[in-house]
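Once you scroll down, you'll see the structures, which are given as structure tokens.
Shared chain: chain A. Partners: chain B in the first complex, chain C in the second.
Take a look at the complex of A and B:
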């Protein structure tokens, strides 16, 4: 299983990546962790003529907080996400989810930017970015733009990322006090993609839910934001009835296909169950409630 | 064929070689250098038989290119023993029956080596999660967990004695 022939580039600066992307267009591919791209290349489902390895660029790694934003470098690995004190304290849904992605070896290589840019509906981070209302910094030689994750995903392996663009940063609004969050994923075995998974964030004030978001993994062409599920809990005390209504709404919104991970009915039911569990856990994590 | 010169350290020895960009690290080790400890099980990034330690991290050598290891420090199962003296993990697998056919063992050992470097006293649960990227098709994981526990205890005792 050897990939096709390509030329390997390992630039040290973002500008050099952008120049190579501009030069090669469709023939060039960014290599981050390589744990989606290399398997595709081995199967010859991807045969880029040029590989642009971004692992030598220190500025693309790291996690910091600035002006109410948590800023994550695109080439930060899942292992680094799991080990981040900042994220574990302020945005634990990301390290929690990272622990549910693949296995230790894969997490040592796989990056959060690769997970978000890949466009595979099986990836776990996109739904979380939808729930967190994160945005992505995309750069090309002409400049940079900031695009909401909620506008990024178009279809299977189709995103708003242009051929000459590099995802450099992920911006997550630092969750306000009184916010709880949870990612619940059911899979066949450790290391597998989701049968179904739900990401939930919710904010409580005086016993009432003031804001909420619910997003789903691997039950549609892209990660799905379920606005109806969020509406079902907003304004409520997030009691059992509201949670059931949200689960029903998420099940109505999802569009799973039958595959080796289960039938449509089963996966739909699991969307409901993961939504219920994620809401309950997010609620239990609202500080002081 | 575009090829690149790479230099790296493998089990403490400096190595220089010309590699084709598309050559996977596992093929470079096994076919070009005849370092056949790391195995090819699935070749699809799942089984962990190809696990090696690159710059202090466990990675699957079937899913990275040899050119990516340029400048790196690599450890394979061949580098674990100290001369004729087995590494405590190797001794643990031997004592606790942590292998049958041994196909998965080089990957298990290199992965467990890094796990104990990162977490010298793991719980059984942490051992299981730590080895979750390594599949064994015959032993059953019970004895593998015991073997890692054995090694952790032995290493910790030796360090306590110092």
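Take a look at the complex of A and C:
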């Protein structure tokens, strides 16, 4: 690990982070879990002049519920997500997905905020946030704003996060009773990004799907929300034919590239298969709840 | 001289912990505490650090190298290029295969990431800063990536330096990109057998380029003592003495002024046999600067530049009669050796032991032809946890036998039983020139079939097929050839492939033994002590094994090709026996008995039929105090062993897989591995070796490939893409064994480290192909990634 020269900062308060971000602009990079940034620095693909380590800031960690909203601190680790009783009870797709992220060492450091804010289409949490219709709290010295995850992602490593802003919280609407959810991911091995993955939430009432969302990981420039796939199951009994239509829609919406994980044809097919499996599992969880 | 309290014979044997004891590994005490001492742990006063500027192109002329900005970096002391090494004649180095390899690119680059300049700096960071600031101007040339196109008339010429040469160290050649042609067997008789055979099968079977990828990458610390002129190199060397001789030959330094030390090594698997530019540059930099210089590879450097394995493009054929009896084998191979022929192997033949391609089968006649070619890829060709080219040969024959079974409709186990070399045929002379020393193949396979309920598995498979589910059963009944080796067959730069052991018994009865081999995780400190323990009746715990320092160890050829136990292990037993012979003379003298009346009993000599005895521990003291007239004091000796033959371990593996027909995901449900490595010195170490080898075999079969795009960019050269299985992916292994002692080895041992890699890979492929056999599929290319398996599913329409 031979990164370029950088100065290391470890502030204790959010305000201090914001002051440093305001001062350094593009030369400053926030270090949370470091599992995206540090490998890039190792390869010198990133050579930030200033590293702003936020791990000393307790207020950025923790999971709570307030007014129908689950609020997750941005520096909450994936291991903490997996261990959260609140999430396992009310929003299990997040702990389920965390368990599919890399290995325990990575999950002990890697944070949900970093996963969401980094803008890497290979990260797992953005698609889930799209499906859950979560929003992000972004702060700078001037104040804070709330932005929907569905408005946040622009392109590879490009998001609505400004240079002087810090993602501090993630707000997830607490899923209503009768909501089932599932994240299905196919990868080559531990530590790999998805060949394709699908996040599905759906609500059933009297045997009919009243609401649904389908989002996809690592098969486009950003995580993708497939409105068509959701439409295919909404209003249906979520039978095999509806599931097939949703899978076809997700396949039509995705834009994977060929890489070491497979051809476009294969990765597209896996979008369909993961969508199918996620819908089926989400449905089974509605029945179980 | 009696025990107090008196122990039974069994208790005394248990105390010794000799051959056959599942003793915990002695070296693990330091490894599990983080107290190992690897090359990168070595820090010498004033030590500098080196790093390479590497080529961004696969094939290009170097127009200029501008080092000015790099030299301005704080801490950078020097930037070395080929021009700087030329006056020392170190810009090229001879390879173990008789070719030359560039140390630093000389006028052109031949593969991506080739070493172009060496930056020497006060610390590792400054070295990397300097590397970034060296500006190299290239003029791109068309690259040659596909080895099958290497001998085309219009193929780009890769090696201008040898383009006109009639040979590059391995016999005649007929094209500028040609390295060698190697033929063995009776072509005429083979062709005739194919002519008239009822059944002929033929398949193109590639073994992709993969990489040993040891956990510790390659590296060294070179330290030239300017005062006494002694060069010390600590490095990741599987064969330290060979390195010393080669360094002497290259530099002209006296061998007595070179000390090579291999400290703890974190896995080698063939990657650490060869000589690399990093070693030469670090040594040259130390000579020039007068400071120790460290060079340590990054993971990407390791995967993309030092010592790949395989890259064999094989066409295999079998001729058989209607009953599936094999009549002839034919193999034609294009071997991609990359840009320089740096394949590291001790055999006198350019395709090593590939003519073990007859496997475990009694095949009357055969013919093999291998052509080696240059391409614009990293140089090498090493044996990744196998003897050279044995794993390619085993993969080919085990695949061909399966294909023959499918063609004839004979069960895949049955066809093997019909063709095995039979136990009474040993020693067996194969049609391609080997004398198999011993084996019992039918017993091994039948034991395996019984253990897994083979008939039951086939029944289950038939039921699953009716339901459209995909289940595969893979069999591999391989024969290895290991233990290089007989000096008549094997050498490295002219040095015979003997090996050595020196034993010193101290006055109080403890022992130090030094060998010419070098453990990289094989557990030598444990197992070699057990050989001595049994031979001398001294507890294993009182025996220290040392390797890897050329100033202290006897000359040896190192550790690879499963040669340590077959060769150095034999030297160890023989050295111990020489000690024992002398001990007997001393015991007879002290006990005032005739040597003829002494009997060996676990840990002592006893006067036959009496209760008078003398323990080896007491004999040791006598050796330094009370020896008979005419006998030298001391209890030390050395043995150099030249084996009369290779050893031939074998095994029967059965693998069961279930395939997800929608995703292509392969789940290994069961893997049963029966190995026969002759006498088993330490069953726990053997099990560990088999577990490790099978994990690597699984990695190779399922996802290890170093591939290139059409412009020569190396793909997958990081652990993000290159599949190193972790405990999560690795299947459960069931191990079993039979024991057929090696008839020519002093303790009957054969070598085990590589069998699971050699035998494991075809078991996986055979299982996966078997899952599709009822759809007429005869072969599927490695690695069996989900994407590739899905392609087969999709083509057959099975994923609908």
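We adopt the following convention: the second predicted complex is superposed on the first by the 285 of 289 C-alpha atoms of A that agree within 3 Å, B and C clash if a C-alpha of one lies under 4 Å from a C-alpha of the other, contacts with A are read in each partner's own complex, and residues count from 1 in each chain.
In the analysis below, contacts are C-beta pairs under 8 Å (C-beta built on N, C-alpha and C of every residue); 3 or more make two chains touch, one makes a residue touch a chain.
Computed from a prediction, not measured in an experiment: that's the story for all the values here.
**Student:** Going by the contact rule set out at the top, does A:55 touch chain B (first), chain C (second), both, or neither?
**Tutor:** Only chain B is touched by A:55; chain C is not.
**Student:** In the superposed arrangement, which partner chain does A:261 touch: chain B (first), chain C (second), both, or neither?
**Tutor:** second
**Student:** Is A:38 touching the first partner chain B, the second partner chain C, both, or neither of them?
**Tutor:** In the superposition, A:38 touches chain B alone.
**Student:** With both complexes superposed on chain A, which partner does A:195 reach: first (chain B), second (chain C), both or neither?
**Tutor:** In the superposed model, A:195 contacts chain C only, not chain B.
**Student:** Between chain B (first) and chain C (second), which does A:273 come into contact with in this model arrangement: first, second, both, or neither?
**Tutor:** Only chain C; A:273 stays clear of chain B.
**Student:** One more residue to check, A:109. First (chain B), second (chain C), both or neither?
**Tutor:** first
**Student:** In the superposed model, which partner reaches more residues of chain A, chain B or chain C?
**Tutor:** B
**Student:** Who does A:7 touch here: chain B (first), chain C (second), both, or neither?
**Tutor:** first
**Student:** Please write out, lowest number first, the residues of chain A touched by both chain B and chain C across the two complexes.
**Tutor:** After superposing on chain A, chain A residues 2-5, 103, 190-191 contact both chain B and chain C.
**Student:** Please output the residues of chain B touching chain A within their complex, sorted ascending.
**Tutor:** Going by the criterion above, the answer is residues 1-2, 4, 20-24, 27, 43-46, 48, 51, 57-60, 62-65, 67-68, 70, 111, 115, 129-130, 132-134.
**Student:** Can you name the residues of chain C that touch chain A in the complex?
**Tutor:** Where chain C meets chain A, its residues are 51, 124-125, 127-129, 132, 662-665, 703, 715-716, 719-721, 723, 725-726, 728-729, 785-787, 790-791, 794, 799.
**Student:** Spell out the part of chain A that touches chain B in their complex, as residue ranges.
**Tutor:** 1-8, 10, 34-35, 38-39, 41-42, 51, 53, 55, 79, 102-106, 108-109, 190-191
**Student:** Please output the residues of chain A touching chain C within their complex, sorted ascending.
**Tutor:** 2-5, 44, 103, 186, 188-192, 195, 260-263, 265-266, 269-270, 273
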